[in-house]
Amino acid sequence: MSGSSFGTIFRITTWGESHGRGVGVVVDGCPAGLPLQEETIQAFLDRRKPGQSRYTTKRAEADRVEILSGVFEGRTTGTPLSMVVFNTDQRSRDYSEIARCYRPGHADYGFDVKYGFRDYRGGGRSSGRETIGRVAAGAVASQLLKELGITLCAYTRSIGPVTIRSFSQDEIANNSLYMPDPEAAREAEQWLESCMQQKNSSGGLIECVVHGMIPGAGDPVFDKLDANLARAIMSIGAVKGVEIGDGFSAASSTGADNNDAFTLDEQGRITKLSNHAGGILGGISDGSDIILRAAFKPTPSIASPQKTVTCSGDPTEIVIHGRHDPVVVPRAVVVVESMTAVTLADALLCGMGSRLDNVKKVWHHD
Amino acid sequence: MSGSSFGTIFRITTWGESHGRGVGVVVDGCPAGLPLQEETIQAFLDRRKPGQSRYTTKRAEADRVEILSGVFEGRTTGTPLSMVVFNTDQRSRDYSEIARCYRPGHADYGFDVKYGFRDYRGGGRSSGRETIGRVAAGAVASQLLKELGITLCAYTRSIGPVTIRSFSQDEIANNSLYMPDPEAAREAEQWLESCMQQKNSSGGLIECVVHGMIPGAGDPVFDKLDANLARAIMSIGAVKGVEIGDGFSAASSTGADNNDAFTLDEQGRITKLSNHAGGILGGISDGSDIILRAAFKPTPSIASPQKTVTCSGDPTEIVIHGRHDPVVVPRAVVVVESMTAVTLADALLCGMGSRLDNVKKVWHHD
Amino acid sequence: MSGSSFGTIFRITTWGESHGRGVGVVVDGCPAGLPLQEETIQAFLDRRKPGQSRYTTKRAEADRVEILSGVFEGRTTGTPLSMVVFNTDQRSRDYSEIARCYRPGHADYGFDVKYGFRDYRGGGRSSGRETIGRVAAGAVASQLLKELGITLCAYTRSIGPVTIRSFSQDEIANNSLYMPDPEAAREAEQWLESCMQQKNSSGGLIECVVHGMIPGAGDPVFDKLDANLARAIMSIGAVKGVEIGDGFSAASSTGADNNDAFTLDEQGRITKLSNHAGGILGGISDGSDIILRAAFKPTPSIASPQKTVTCSGDPTEIVIHGRHDPVVVPRAVVVVESMTAVTLADALLCGMGSRLDNVKKVWHHD
Amino acid sequence: MSGSSFGTIFRITTWGESHGRGVGVVVDGCPAGLPLQEETIQAFLDRRKPGQSRYTTKRAEADRVEILSGVFEGRTTGTPLSMVVFNTDQRSRDYSEIARCYRPGHADYGFDVKYGFRDYRGGGRSSGRETIGRVAAGAVASQLLKELGITLCAYTRSIGPVTIRSFSQDEIANNSLYMPDPEAAREAEQWLESCMQQKNSSGGLIECVVHGMIPGAGDPVFDKLDANLARAIMSIGAVKGVEIGDGFSAASSTGADNNDAFTLDEQGRITKLSNHAGGILGGISDGSDIILRAAFKPTPSIASPQKTVTCSGDPTEIVIHGRHDPVVVPRAVVVVESMTAVTLADALLCGMGSRLDNVKKVWHHD
């Protein structure tokens, strides 16, 4: 089925495989008049680029984005933005091992059952390179949100057993793990070194905070803002859990502790004394910071020998060679931020006609 | 926007408010030929019915479902099933307090910002009664899955600080908390008693396990099976977190521990030695049990006084009277099971044409 | 598949069969704050009610609509409107003939091939009674359009060989054929009498004109306003052709004749000197009247004997008894108007965020 | 809004402007295992290529398609096909005239109202070059239909006043107007010569016939097969009318004449004695040939002076220079065929799960 699209009004469609000609995205429904440059997109893509540290794949891709449509004289036209990154480093190597058997923790088996065969080169469609399209779209969505005064900040919250204990926004871009706590970053690096020595890999947590969110976005039932965020985040490869606000810890809390009292800020606007809810109540944004966390499983591609079966159903053992990050979390930070931005942009655009007076405002220039 | 629908091929649309004429659902896209009785639907609804124990609201609704369309001579016709439950116990009471100010932890403020006003009686559209439509649809989806050999089992995993330590499927229906561990159920009851005495409420965890899942359902990118499950579950009111398989604990695990080795079962079919993945790899079902957990926040309606503001922006205090469960988890068990069933049914129907040979099989009766 | 819904933001879902418990519609995405009464809906439904003249079925249905949700204190709340009409006159008669063989010109054969069996009573889901849901939704859409200054006027343009030669809006409601030309109406009545005497039936044309349309609705590619109107109108049973503006006659015209020159009206606003385009250019409304026509085939249920085959594939003959209009056009006038209104409402709501400045206007109350 | 996509399961998304970097399409939901070569796509594109005769624009584009994703070892993988045609002949010319004022019969005014500004170079998004993506997608859909035994044949039925009087399928590709009647083709050429001499243009009709259609495709209500075909065809620029089977002439016919009697063919399969319905009854294919016609208005770009207004609202006159076909019909033949193929492919894929036994057949390999 046509599962490569996300969103209703601000709608993105990604395409491309790891070892095909390239990867890309079509962003449809972006409002006209938004200032947009290739550099803005590129800056987002550079955050997920391989080869930035010894904890990311050595694949040497420049990942240069090209905008093929939808921009005229520096502004979006309202028609689809097509963005492409051509693959340049498709190393000619031996994929017979992946073709022959199913890698544990990978989608190989599911693809074969579902489609009857698969593009086994480098993961094909379920490669991390698919997220290039998401990040390009996220850059556009972020630009749109910025015009509305909304900014996003995603970072690594934990890697394996190491969790941040302090928060400095400036620090995030200062270490290759995108952690806002330099001390935790150093410990996490040591943890990753030991994983690599043991031909092992690590999971981790990413957190994303949205400042300046406008209240009233999201719908009461199935298109709850948190429901669509959950889908957006869980659709990122390797994510196994999503939570909003206090998340799982709310399950062991009580109403008296978990409820956020409403109050007025200094300007007399309605706000909350606490934010256990993470900025969303009943599926609708309440104007507080949106806070979400995503749990990433460890990279399944490890260099230790693993038991598996061949495509023809014989027991065998596999050792996975090649370029693999010992942890996907640092490069996934911008992917989480991007999917959050795309979801918020769509919710805001879908919700524009919720009130009759807004409909009149737009169409009658009231 | 039209946020009251869920699904692409098996598509459900719920409607109705707590204190309107009734609540219901339209299920469109259910295959023709499925045996279906009102009793099957009613059995599902009875699991979420109020008044079953002292931990659920005293609202005395029979919640009798009527199938208004889509069934002929005991089988579905392929056309939409319309199911309705008329509201019968809309007690005439004083809603001026809810109308006047915003209840902490509730959607009131969001509704007012979004729509300009709201049906303040009993929560309106964001009332738990909206889930009646979900459960009726879930009964249909479960019936469809049963025909394919797929069964679901949801239960309470924890309430407040009390988590199950043993598992007996027979026990689930034996206690009013739907816990598979009778000892934990007794402890949880004591915990709830203390919450009620303190005019407080509790959160909890629900787990759902799917047996007999067919491999190959779900799509590689945005319509990953786990992504759509995450949306489905997070769209249930009060859910703040969702996880699949090992979920959040995968974040602190390693690849060597988290990967599930493939092997062959006694019939020589491909299976896995472990199931950290929870039955989904790369967004596609792998044939193992699907395992998911949902974190529910504590019921926000508590009888203690809480700080808040009025709709006109004045600080005030509110004491919430009326019929409120001290914990939503027991009655939400069947809602989680229903939304899981609906998501799986849709994924299976959407994925039918993934292979050219399947398309030929259906249309040419190969 | 879930083919019972129409629209993206203003989304309607109809349900119900001719001889089931009732028929209805869920309207999701209607903006909050719209004044709405059951009487407004009923007035629309009364225009398609049976038994109004000797040219419409004698089925004696009151067709009373009930609004079950989505309205509070006389205004829409932004949540789904559920509207239902219970079937009251499901005469107990003999359907063995329809069950046994395929009626020419009907959907019977298609249903059997598609679904394996069918509800053969009175046409089941493909009965004209399905349009009750469309008309109820159309009444809501028309109310929304009225608030924006947009009004619709549909009428019978021709019945069989008789076409209107004059136009008087007041006349439309004055004759049971909804023709704006009383003389043509009388001739059409004579034509229908002769059809009935010969146990035959007649086709006809309906025209719909939209005044006060706001320019800028509709999208440039697949969601062109005329494309969605074409789908909406062609989805009405018995429609075999749709045209906009000059329609088919444009095919034999030239650019010099067909182009509409732009000019300024007395208030200095941009308008056109002619309207061959029927108010839509490049898929986007241009502010002129939208003009469309729908061609209806003759009622397939005729009392003369017809050749056909049985479900088991034996040649046979059928004579169709029962309550059947000799022409569907008069009762379909309000259906065409309704589907037009629904399509326009959705296009206006979908197009609200086409410009960045509109997005800012709504969310920042600029 | 995201109006650049079409289809539910077989879903296409086009992008690109006349004078941007290129145009293209993403085809999502195509079943895996379909043999596909760039040459197959190219053969379709060559049928709409400019510069083939003196009646088509002199724009010298090779229009070479590249498949960037979704094919592996000569077969589709089930993941999105991204296809692109880079623009090569974007002549540097003066667009100040189009930028300054609104061309009659064009989308210019609508774009300005809707988006606030527009890419005025060569029509931007509403250029005929957008159809390149449709045709590439149509080639894929046609390949899929071919595997199911379904073939399509589209041709020019009339140009201006000249209509075909005979039908020879072989003749269609023999003349640059794609007419199946060589004599009519010669007359139509003379008509076009006279149009060109008078700096005028012509409309025309395209007919498309589908052989070997499988019965049971399409849904009973809004996703009627003819409804979706009507949308698909009306979404092609310049189309002002669509009809199925007898179409508009059914409106002046009677039931006795218009009904198609069912009968058995030589193999004992159910068929019809006539085909006034054009292969679709009640929105569902009946196995007979699907027949549809599209009415195209004359090319609005004519070299004669025309009255119009400037963007700032001043009356003016415009003379349109540049490369323009005197009739769009011949090059649109393959576009009509393509959109028909895409619609049928989607209907067949959406309808696969209509019956419980089909669902079992696919998932349990019954």
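Read from first to last, the chains carry the letters A, B, C and D; within each, the first residue is number 1.
Just so we're on the same page, contacts are C-beta pairs under 8 Å (C-beta built on N, C-alpha and C of every residue); 3 or more make two chains touch, one makes a residue touch a chain.
Here the structure is a predicted model, which means the values were calculated and not measured.
The interface with the greater number of C-beta contacts, when A-C is set against A-D, is A-D. Taking each chain's centre as the average of its CA atoms, subunit A and subunit B sit 25 Å apart. Rounded to whole angstrom, the centroid-to-centroid distance between subunit A and subunit C, based on C-alpha atoms, equals 44 Å.
Averaging Cα coordinates per chain places subunit A and subunit D 37 Å apart.
Shared interface positions of subunit A, defined as residues touching 2 or more other chains, are 1, 3-5, 8-9, 14, 29, 32-33, 78-79, 114-116, 125, 216, 220, 350, 353-355, 357. Because contacts link each chain to all the remaining chains, their graph is best described as complete.
On subunit B, the positions that touch subunit D within their shared complex are 8-9, 29, 31-34, 78-79, 144, 147-149, 214, 216, 220, 348-350, 352-364. Residues of subunit A that touch subunit D in their complex: 1-5, 7-11, 13-17, 20-24, 26, 28-29, 32-33, 66-70, 72, 75, 77-82, 84, 114-119, 124-125.
Those residues of subunit A whose C-beta lies close enough to touch subunit B in the complex are 1, 3-6, 8-9, 14, 102, 104-107, 109-111, 113-116, 125-126, 130, 158, 160-161, 195, 198, 200-205, 215-224, 226-235, 237, 239-248, 250-264, 268, 270, 273, 276-278, 281-287, 295-302, 304, 306-309, 313, 315, 350-351, 353-355, 357.
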